[in-house]
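When the chains are written out, they are named A, B, C, D and E in that same order, and each has its own residue count from 1.
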Amino acid sequence: MNLNYEHLPVIIVALLLLAAFLEPIVYRHKKSWAAPLVIASMAFFALSSLYLMAAVNYHGPFNYYLGGWAPPFGIELEIDYLAVFLLLTFSVIGLIAIVYGLQDLKHGLKDEVLGWYFTLYLLLMASMAGISVTNDLFNMYVFVEISAISACAIISIKESRECIEASLKYLILSTLGSGCILLATAMLYMITGHLNIGYLNDVLPRVMSHYPNNILISLGFFVVGYGVKAALFPLHVWLPDAHTAAPSPSSAVLSGLVIKVYAAAFLKVFLKAYPREIFLEIPVMEIVLFLSVLAILYGSIVAMVQEDIKKMLAYSSIAQIGYVFLGFSLMGQRAVAGGLLHIFNHAMMKSMLFLAAGIIIYSTGIRRIRDMKGLGVKLPLTMGAFTIGALSMVGIPGTNGFISKWQLALGALDLGRPIIVVVILLSSLLNCLYYMPIVINAFFGVKGEPELEIGKVPGVMLYSILFLGFGIIFFGIYPAPLLAFLQKTVTAIL
Amino acid sequence: MEDLLVRIICRLVVPFVQLYGLYVITHGHLSPGGGFAGGAIVGASMILFALAFNLEAGSRKLSHDISLLMESGGAIGFILAGFVAMLLGQNFLTNKAAGFPLGVPGNLFSSGAIFFFSVAIGFKVGSTMCTLFYNLIEGSDRHRSSE
Amino acid sequence: MIDIEVLSKLFNNYYYFAAIILFIIGFHTMLTHANLIKKIIGMNIMETAAFLIFVSIGYIEGGRAPILDEGFDQIYMNPLPQALILTGIVVAVSVTAYALSLIIKLYQHYGTVDADEIARIRSYKP
Amino acid sequence: MTTGIEIFLLTFLIVCAVAVAYLKDLLSAVIVFGAYSLIMAINWQMLGAPDIAITEAALGAGVTTFLFIATISKTRRSE
Amino acid sequence: MWEGDELLGMYWQAIIPLWVVLFPIFMTPAIFILSKRSEKLRDGLSVLTAVITFFSVASLYPFVMEGKTIEYTLFQILPELGVTVRIDILSFCLAILSSFVWMMATIYSLDYMKPEHGKNRYYPVLIFTLGATLGIFFAGDFFTLYVFFELMSLVSYVLVIHEETPTALKAGYKYLIMTIIGGLALFFAIIATFELAGSVSLSKGVLVSKPSTLAFFAFVCYLIGFGMKAGMFPLHVWLPEAHPVAPSPASALLSGIMLKTGAYGMLRVLFYVFNIEVVQSARWDLLVAVLAVITILLGSAVALTQFDLKRRLAYSSIGQMGYVLLGMILFTEQGLVGDIFHIFSHAFMKSTLFLAAGAIIWKTGLRNINDLAGIGRKMPFTMGAFTIAALAMIGIPPLNGFLSKWTLSLGALEAGLPIYVVILLISSLLNGLYYLPIIIAAFFGGEEQEHAHGEAQHVEAGINLRGEATAKMVIPMVILGLGCFFLGLFPSNIAYELSLKAAVFLFRGGM
């Protein structure tokens, strides 16, 4: 028996799936074990990701052939820097969200569906881990589908009519996106005979001049497909409803992680599978850049007029995913690193904000921003964490949002595009315009005790957002190792 | 559809359909078909049964608990079978290199782990089909979603 | 003449051609029809079209189904796309089933399966 | 000649797809979609993919149609 | 032995800037926690922190007078960008000034804030802002400077809106938005500098030595960012709203010290990022000059039309900051001396004025200038300090305002720009027009009506019009007022020496 670390990625995915399928049985027969099982599997996920990160950092990236079949026929997993980075992000944020969720969900969900929620959550995590590590386009498609279904399901699990409608809208559009991804994959397979990203990168430069139409179609469909799933600007229509209607931990995971995983998949396909020369001939990245700029401005502007706090956060997500795509589509060393960094940073900020909003809704039932006056007096820690998140969104130095903005802006200047920096700054200002009034209203301008009914906030919920808030500050002050790691990642990709 | 003729024919047909489904499942590596297709056939037979008689009769044959167990059990079995190769020092889901034979045409038990994989998938797909159908018909009194 | 060239190209690749047409029909049905059930059917058509492209890539004129038999010297179809599409079909069916269950729930809430009508009801009663 | 049959089948597929889009009666649309799936299954067989043919027949034509009909019986029949 | 002592001394001096920045910041949570226990402890600790900080800064004096510079990087936040600490004479000037005024304002706060709410919030924020402000001055590169600049700006928001009235909240919101805009402009400027030069350190000499489009935009953004804080003309809109609504000690700090951070930043930009040749050859100085002149005239002119005491003071601040901005683009040594000395003078004058105004408001509740007739007889010390500072503002010799204006004029003449002298004179005249009536009315006017019914009203309202405010309020005010006097008496006082050295230092290339 030699179980070395190279098996870990597949063990992660398999164990998460195993736990997911065990969960309904456990929940039916031994209810008290269900929650520990979820926590244990997520903790295992987080720990092994950490270990994997250390191993890859030390030994270098490695490949894993599923079933012992070498590519081009077998499915290959490639565990490179990017993959471990994504794994770590997903696992840690996922763990925190579900730890928080245990309390919140008991409050918000019907008892009998809780077990199913855990199943779906683990399935979602497994599929995201799968997308991160796989190096095979079709396998990626399958994981994308699984994640789409489970993501829809954790929205619809509340069974209110808003949830179901949002979930159905999401499902339909998401399937549309999957169809596009599948067709694009087929197009690539048609001209190269490969589905493996590495092989595609080898073969595509040789065949691209023979089949320009196929390349064009595949690029277009990939952009549409991943764009729909990651809510890139004109294809974002499903996001606000879906992220608003879902239970708070779901919103945190959906906004913080799920849309990011598609952005990462986009990065994998576009920068790892396609040769760089294609983008010189076909300006698809310019289009994505343009869309992401629009996304940043649109998301920020629309967020300003929202009344529901979760809806506001959802629109803000549209703007933030714009940053990620902005970094990727610039295709410079610093810019891509900035985009990746923003995946991590925004995952922390946005899940924290959603979880804080969840606490507010949990303990007071308030959803409208207008009604949140004086909340800072009643829920000082929650609103304090919210403030940190808001400051980070605006990009105040000392928070991690500043670091990613800095990196992105520097990346844009590297490529001689100061106008992008102006867009980033403009959006920071807009962020300020819609986050700051909440903070100000919560803390200031209230004389005496506000008349609010406050339920008791469970400690676990509070600790999880405080932990995330601490992370925001920590990575705002000491991002150096993370950035060094990302530099390595980007060097490997480009 | 509470018709005598339909019921009798159903009684007659369903065992054969199920047998065929099992055949498809178990001979997945030898002939067209496999876990997915066979499981779907078995599941479809159960649905047919439930349609011809009524839902109570159908769920008596395959109760929700059993269905749940089969559904999860199939998936778990598949993953566990995949782990076997790993315990033998090979990659996940490895068949040939882990010492299992690759299969001789025409021989049912000649292909090692693939047989187990097929059976596990068959269970899973078949029971999932039934669950889905019941859920759709029964409506929202029980919540369930697909995998 | 270019037209004839294009036509003959299309004729020679009739599977791709048909698949693209089906894809567009499915896409169109999915996007433009307000009826949710129709949308789901469109979704299925779209996905089968994509599968059709995939499988026809592996198609070889005069080849046999990829089943190992006594004669080893025969030409086989490429088995890889077929194996993949099997997975794809199962995924498609699960998505369909899930979507349909959502539609039923939506019907119980709104009394209609028409997306436009649902939007109207929602905007009517905020 | 095989090409003739293939082209006939593909044309039939397209016709079915268009018909599905235009039929006002949802039940008829679903039935036509069932036919579409069956033709698709035959198509798979023609393409040398019996595995998919069987699966498509069972899942696409069988189960999916069942599910659609079940849904329509729960909701409303006309568009 | 002797060498060891020397080395130890070096280490100690190297640590002081860090200590000075971190000590108040770390005391903040302590004060916050203790404030729940006892108010006395909280007040005492706040004052103690301010005092210790001041003396720590002061202990650097011999070191700095030797003309030494220390710079080291604490740790890296981003590749090539870290938290860098640096002491030189310019930073020492600003640091000693701000810690001194801060100490005074903190002592003043003790009694002033007694009737106010939210004191548990006020003191920690006050002390934290001290740390952040000193962080700006001891920053070794623009990145660190930016970080502390943003921290200070954001945290001082809490000071601005302390009273939490709708007016205060509105003004505070304006302040916040403008601060963020300024911060973002700075962000752009610094990032562009980093892109152009590969570094934003203060010790690399001139960073950008060739004018280019990007460099120009960077310059403009620096101007927006720092000019925003300094209340430069088109960006001054937040200032007259925010300064009056803050509690008076906070106003004194906002006007006296925090405005200076903008001027300090501009000085650093002009001498470290670009240099004289770049700015002059590209004629960028013209932009600053025009804006500075408009700022001077506008600030002084609008102050005339204001009848709220603190608002008038706030507009006066805008005008005075115009002098500072003007002084730095004269690019003569004399002008620079005047410039830096004016930073000193204005800090003393304006904080005295605001503290005095605060004492009047605290004691009588009167904010309108027309109601202040005869107040000088009731509060002689307060109005005495007010008078000295106001006269200094106008530029009456031998007060410090005169000295700085004199030096500035000399600098302008040296630069061959006598027009600036005319502007200074006009502005002084305007200053006289809006300060003198207050003083005259306070000491000589309005006896009858005040006695007739004004006092009766106030007695009804339960306010005692007689007598001074408490000693804790009067003493800091008087000390600052006397400072105005002594710093102007001889042109060889400590502040002037420091300014002289700093100006020479900057002209030598700032190494």
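Keep in mind that, in the parts below, a contact is a pair of C-beta atoms (placed from the backbone, for glycine too) under 8 Å apart; a residue touches a chain by one contact, two chains touch by 3 or more.
Since we're looking at a predicted model, the values are computed, not measured.
Trainee: If you walk from chain to touching chain, how few steps can bring you from chain A to chain B?
Mentor: 1
Trainee: Per the definition at the top, count C-beta pairs in contact and tell me whether C-D or B-D has more.
Mentor: C-D
Trainee: What chain is most central when centres are computed from CA atoms?
Mentor: Central by C-alpha mean position: chain A.
Trainee: When the centre of a chain is set as the mean of its C-alpha atoms, what distance in Å lies between chain C and chain E?
Mentor: 70
Trainee: Using Cα averages as centroids, what's the distance between chain B and chain C in whole Å?
Mentor: Comparing mean C-alpha positions, chain C is 24 Å from chain B.
Trainee: Distance from the CA centroid of chain A to that of chain D, rounded to the nearest Å?
Mentor: Chain A and chain D have C-alpha centres separated by 37 Å.
Trainee: If you average the CA atoms of chain A and of chain C, how far apart do the two points sit, in angstrom?
Mentor: 28
Trainee: Mind pulling the chain D residues that touch 2 or more other chains?
Mentor: Only 50-51, 55, 59, 63, 67, 70-71, 74 qualify.
Trainee: Which chain A residues reach two or more other chains?
Mentor: 146, 149, 153, 156, 159
Trainee: In graph terms, with chains as vertices and touches as edges, which category applies: line, ring, star, complete, or other?
Mentor: Looks like something else, not a line, ring, star or complete graph.
Trainee: Each pair of chains that touch: what are they?
Mentor: Pairs of chains that touch one another: A-B, A-C, A-E, B-C, B-D, C-D.
Trainee: Per the contact definition, I'd like the list of chain B residues that touch chain A in the complex.
Mentor: Checking each residue of chain B against chain A gives 65, 68-69, 71-73, 75-76, 79-80, 82-83, 85-87, 89-98, 140, 142-147.
Trainee: Per the contact definition, I'd like the list of chain A residues that touch chain C in the complex.
Mentor: Residue positions touching the partner: 73, 138, 141-142, 145-146, 148-149, 152-153, 156, 159, 161, 164-165, 167-168, 171-172, 175-176, 178-179, 182-183, 185-187, 189-190, 195.
Trainee: Could you please specify the touching residues of chain C with respect to chain B in the complex?
Mentor: 65, 67-70, 86-87, 89-90, 94-95, 97-98, 100-101, 104-105, 108
Trainee: What does chain C use to touch chain A in their complex?
Mentor: Those residues of chain C that touch chain A are 16, 23, 26-27, 30-31, 36, 39-40, 43, 46-47, 49-51, 53-54, 57, 80-81, 84, 87-88, 91, 94-95, 98-99, 102-103, 105-106, 109-110, 118, 122.
Trainee: What residues on chain B touch chain D, complex-wise?
Mentor: Those in contact with chain D are residues 24, 32-34, 36-37, 40-41, 43-44, 47, 51, 129, 132-133, 136-137, 139.
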